[in-house]
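Note that subunit A is present in both complexes that follow, paired respectively with subunit B and with subunit C.
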Partner chain A sequence: MRFVLKDDFLKKLREISKNYKVFVPVKKDYFHLFQELKDDILPDFSFFNTKLSPKSILFPQSERMFEYSLDKDDPDAYILKEAKKDFSPQIIVGIRPCDAHAFQIVKQNFDTPEYKDPWWTKRYSLTTFIGLACNSPRSSCFCLKVGGGPFSEKGLDAIMYDLGEGFLIKDITDKGRDFLDKIGGDEAKKEHLEKAEKLKKEAEEKIKVDLKIEDLLKRPVLSVFESDIWNSVSFPCITCGICTFLCPTCWCFDIQDEVYGKRGDRIRNWDSCMFPIFTLHASGYNPRGEKFRRVRQRFMHKLKYYPERYKKGIQCSGCGRCIMYCPTNMDIRRIINMLAEEKRNESISSLSCKD
Partner chain B sequence: MNPYLPYPARIERIIVETDDRNIRTYRLSFLYPEHEKKFQFLPGQFAEISVPGRGEVPIGIASSPTEKGYLLFTVNKAGYVTSYLHNMKEGDIIGIRGPLGRPYPWERMEGRNILIVGGGFAFTTLRSSIVYMLENRRKFGKITVVYGARRPGLLLYKKEIFEWEKRSDIDMHITVDATDDPDWKYNVGLVPNIVEEKIKSAENTIALVCGPPVMIRFTRPVLEKIGFSPEDIFLSLEMRMKCGIGMCGRCNIGHKFVCKDGPVFSLAELNELPPEY
Partner chain C sequence: MEGYTEKIRQIAKRLFEEKRIDIFIGYEKGTNPFFPRPTLISDPQEVEKLIWNSNCGLNLCTYLTGRKERIGIVATGCVSRSIVNHIIENQIKREKIYIVGIPCKGIIDYRKVLRRIEGKEVLRIEEEGESFKVICDGFEERFKKEDFLQENCLSCTHPNPVIYDELVADPVTPRSERPVYKDVEEIEKKSPKEKRSYIEQAIEGCIRCYACRNVCPHCYCPTCFIDEKIPYFGKSIDFVDTLTFHIIRAMHLAGRCTDCGSCERVCPMGIPIRIFVKKLNKDAFELFSWQSGMSLEKGQLLSTYRRDDYDDFI
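Let's turn to the complex of A and B:
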């Protein structure tokens, strides 16, 4: 554990950024986002959380997968080649514990026993996650209730505590120790540790919401699927997709080919289960054509399907972005509790026939 | 090994299957022999056909692993990629990514009687299965096939199915919904009705069912009435797909992915999942 003054920390970060890609929170207009540290970039560590999650650092919103020539005279015409990518080692500095936890959730999808997503897993292995403990969780935050916490070390290589004049930094993994060696600073004192402990207690006390996740996890999938609430719950949704766009644990993507004259690219883009085309068959049939089915899919995926498949809790890190930015005030916490408290005869939930 | 990278392949032959010319079979060969070696599959699996400049489309493998040196894919002209594919020529270069998904339960099927129920252009992986079983005939009991289309001109693999009809080691029941052809010697009637009429016993039998949703919907109760248990009925499903490896998120039914955990599911497995397909 080290203690380092904020000015010194920033100077060291700029030095490190000569050899690594360093991502830092930056204030832009009315919100924060993660940007690569360059000479003209001023990091700002006094933020609640970034509006955009850092998921794009490992999983860009749009990414070239392959490129190819469509020129008949080219001997390699129509043969896909992997697109060049920058795989330099990178450090995310100041990631909130909820967003670090989110990467652990997303890892379940991209790093499976059967298949590995080559780009996500490579970037993940090259990334050092330096967390910034959350002194002031917002009213929309509920990390503590979903297996994380404002001071949680889950998915982090090191964690920083903002003690006002400087950061107390705790290394968690070897990668974190390397970072700490580069940052330097003084050996932490007892008063620093006590202050951090006090901040942790205060932060955790701010997250008061009562979430009945265990009750919901116990309910049979089919019974929750058939719940009576989906029509009314989905009524206000305008399927804009901001929840999936901002969500650090939403990973769905689309693959498209783009042609520019005699060459083309295969590209993958973020996609969203909120859009009807996401599941539209070429025949015109759509298993999730109606809005309530898509809203149901989003919540069922996070709250039932993901836990059922991976047995690792729900697919949500409690960052609260979907609650803050939903234009129609949909609140996943309310839906969790509605489903958990729903009274249904669970014994007749087994279905034997389609529709 | 990048699971998104297709193996380059050449279109060797294009066979127009149906009289509306909407369904064609593409005979493809890998450009590089090492890719053919890597592409080990079993009937029931599919692959992503990659058309550079257009995209990819998941198509069931219609050839059998016993047919060496090429792969067959039967493609209905339906969307953006398949429409383009239908305008391509023999000799053109495309890509094959796979094999993907879970095949029919071949270990479980050994020593059992097999009932195959197919409808329309969903007969592709069932053709693969039939060719595969006829090549390994001793491993299976009685093989019965009910295959139907709306009219004779829409039946796939016509030459083969009428040859199988003459064989004694496979029991073929070819049917059409309707026909005005006075020389039609086979059945007339919907697939579920022909199944009900021709299949009398489910004893020691596994049923493989692949067809349009409406055929599946009406065939299920018939099979259950004959005495098939949900564990012995296997269905092959379709979904819009992109990645084919369980990552892009769109083809799920409950917590299962049609691309990776399917496309073949037993009815017992499907009964545990939300009916959203």
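Let's turn to the complex of A and C:
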């Protein structure tokens, strides 16, 4: 563990950015976003969290997968060729523990024993995750209730503690040690450790929300699917993509071919279960044409399908973005508790699926 | 405007008792003070949930599209104009809706507040007359509402509902000091190159979440052009793809937008979406003396024509 003053830290970061792509939180108007550190970019580590999650650093919103020629005279016509991609080694500095945890959730999907997403896994292996412990969680935060915490080390290579005048940095993996060697700094003192411990306690005490996740996990999946709440809770939702696009754990995408004259690109774009065309069949039939079915899908995936399939809790790291930025206040905490507290005759409804 | 809450509850209660309505659409308290939750009430016992305040900034007309019940709904000036558009575009029937009119004193621009308090988390907002108090964890400050209103409210010409069945308070006086289209004129002065760079910067952050489209009461097409397969429009976040979406959406709203500001309010990336359509509002006003949603008697600007039109291209 090392302690480094903030000015020195920034100087070292700028040096590191000559050999690595370094992503840092940057203030943009009234919010923050992760951006690549360049000479004219000033990182701001006194942030709450970035509005967009860092998921796009590994999983860009629009990515050219392949390219092809449609020119009959081209000997390679109609052959898919992998589009050029940037696989520079990269470091995300200042990622919050909730977002680092989220990468571990997304990993369940992109890196399985059967299937490996070539680009996500390659970028993941080239990325160093340097966390920044969260001294002041907000009222919308619930990381502690979903297997993480404001000082959690899950998914991190090193974690920094903001002690005011400087950062206390703890290495967790070899990648983290490598980063720490580059940063330098002094050996951490006892008072630094004590201060960090105190901050951790204070931060954890701020997360007070009562979430009945265990009760919800116990309910049969079909019973939750058939719940009476879906119609009424979905009323305010405008089925936009804010929650799913800002979510660090939503991983759905769509693949489109885009043709320009005699050449084309195969592109994958983020997609959202909130959009009607997400499930539109070629026949014209849409199993999730109605709003309540789409709203239900988002919550069922996060709260029932994912936990049942992977047995690793819910598909949510408790970052609270969907709560903070939803224009109609579709609050996932409220929906978890409504479902957990719902009284239904489980034994009957769990046997049949009307839908 | 918190003072309207009690009156709205009374009216909703009475409407249910008199069996004038089947459902009531308004706002309830949520967990984010800047975005109260739109709510549908079908049980008269639940009218106490209804609230009104200066953050009730989404256009509730969005929730009317295609509904068949008899509906009570709260409506400010701009919302009432969107309802007028819905009626003349045959999306709802006038006799099915009971409009509880809100003489609107303006909606708070949460971005202006967040800029002032440097991104602190707002836990509660308390209004008192012309000011409001922002309460954060270990911090509170009172602000003058006038300094924190949404831009569309600052140039609003119709704060009072243009159609209603009942008002919750006496009409307010429209503010007159500010030229309505000043912001559009600033952009019109730019050279084509400057305009392009303005638009490039404006839509740079767009994440194609379509919140602007979905919150807009006038965007009710069963399938939006952007979701069509033929012709295909790019769905990436490439500049041209994003621009295509914003420009065509704006064109679809020509002569229909009531400048309620919902699109800009919901945008997670703070894109100045209103300005694209406002340019068209300005054209409609200057070329045809047209303001959207002002009368049930006239058809829409771009879907009616006169045989004696003096332009020869028609």
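Of note:
Quick note on the criterion: the second predicted complex is superposed on the first by the 349 of 355 C-alpha atoms of A that agree within 3 Å, B and C clash if a C-alpha of one lies under 4 Å from a C-alpha of the other, contacts with A are read in each partner's own complex, and residues count from 1 in each chain.
In the analysis below, contacts are C-beta pairs under 8 Å (C-beta built on N, C-alpha and C of every residue); 3 or more make two chains touch, one makes a residue touch a chain.
Just so it is clear, the structure is predicted and the values come from calculations on it, not from any experiment.
Of the two partner chains, subunit B is the only one touched by A:287; subunit C is not.
In the superposed model, B is the one of subunit B and subunit C that contacts more residues of subunit A. Legend: residue contacts after superposition of the two complexes on their common chain; A:252 is shown touching subunit B, with no touch to subunit C. Using the contact criterion defined above for the overlaid structures, shared-chain residue A:45 touches neither subunit B nor subunit C, since it reaches no partner. When the shared chain is aligned, subunit C comes close enough to touch A:29, but subunit B does not. Shared interface residues of subunit A (contacting subunit B in one complex, subunit C in the other): 254, 256. Of all residues in subunit C, those touching subunit A in their complex are 30-32, 35-40, 58, 62-63, 111, 114-115, 119, 121, 123, 137, 205, 207-211, 213-215, 223, 227, 232, 234-238, 265-266, 268-270.
Residues 28-32, 47-48, 51-52, 61-62, 136, 138-140, 232, 235-236, 238-242, 245-246, 254, 256, 258, 267, 269, 272, 275-277, 323-329, 331, 333-334 of subunit A touch subunit C in their complex. Subunit B meets subunit A in the complex at residues 2-6, 8, 31, 50-57, 78-80, 82, 92-95, 213, 216-217, 220, 238-240, 242-243, 245-252, 254-255, 260, 271-277. Residues 65-66, 68, 70, 77-80, 82, 109-110, 112, 114-118, 221-222, 225, 251-257, 259, 264, 266, 271, 273, 278-283, 285, 287-288, 293, 297, 300-301, 304-306, 308-309, 350-355 of subunit A touch subunit B in their complex.
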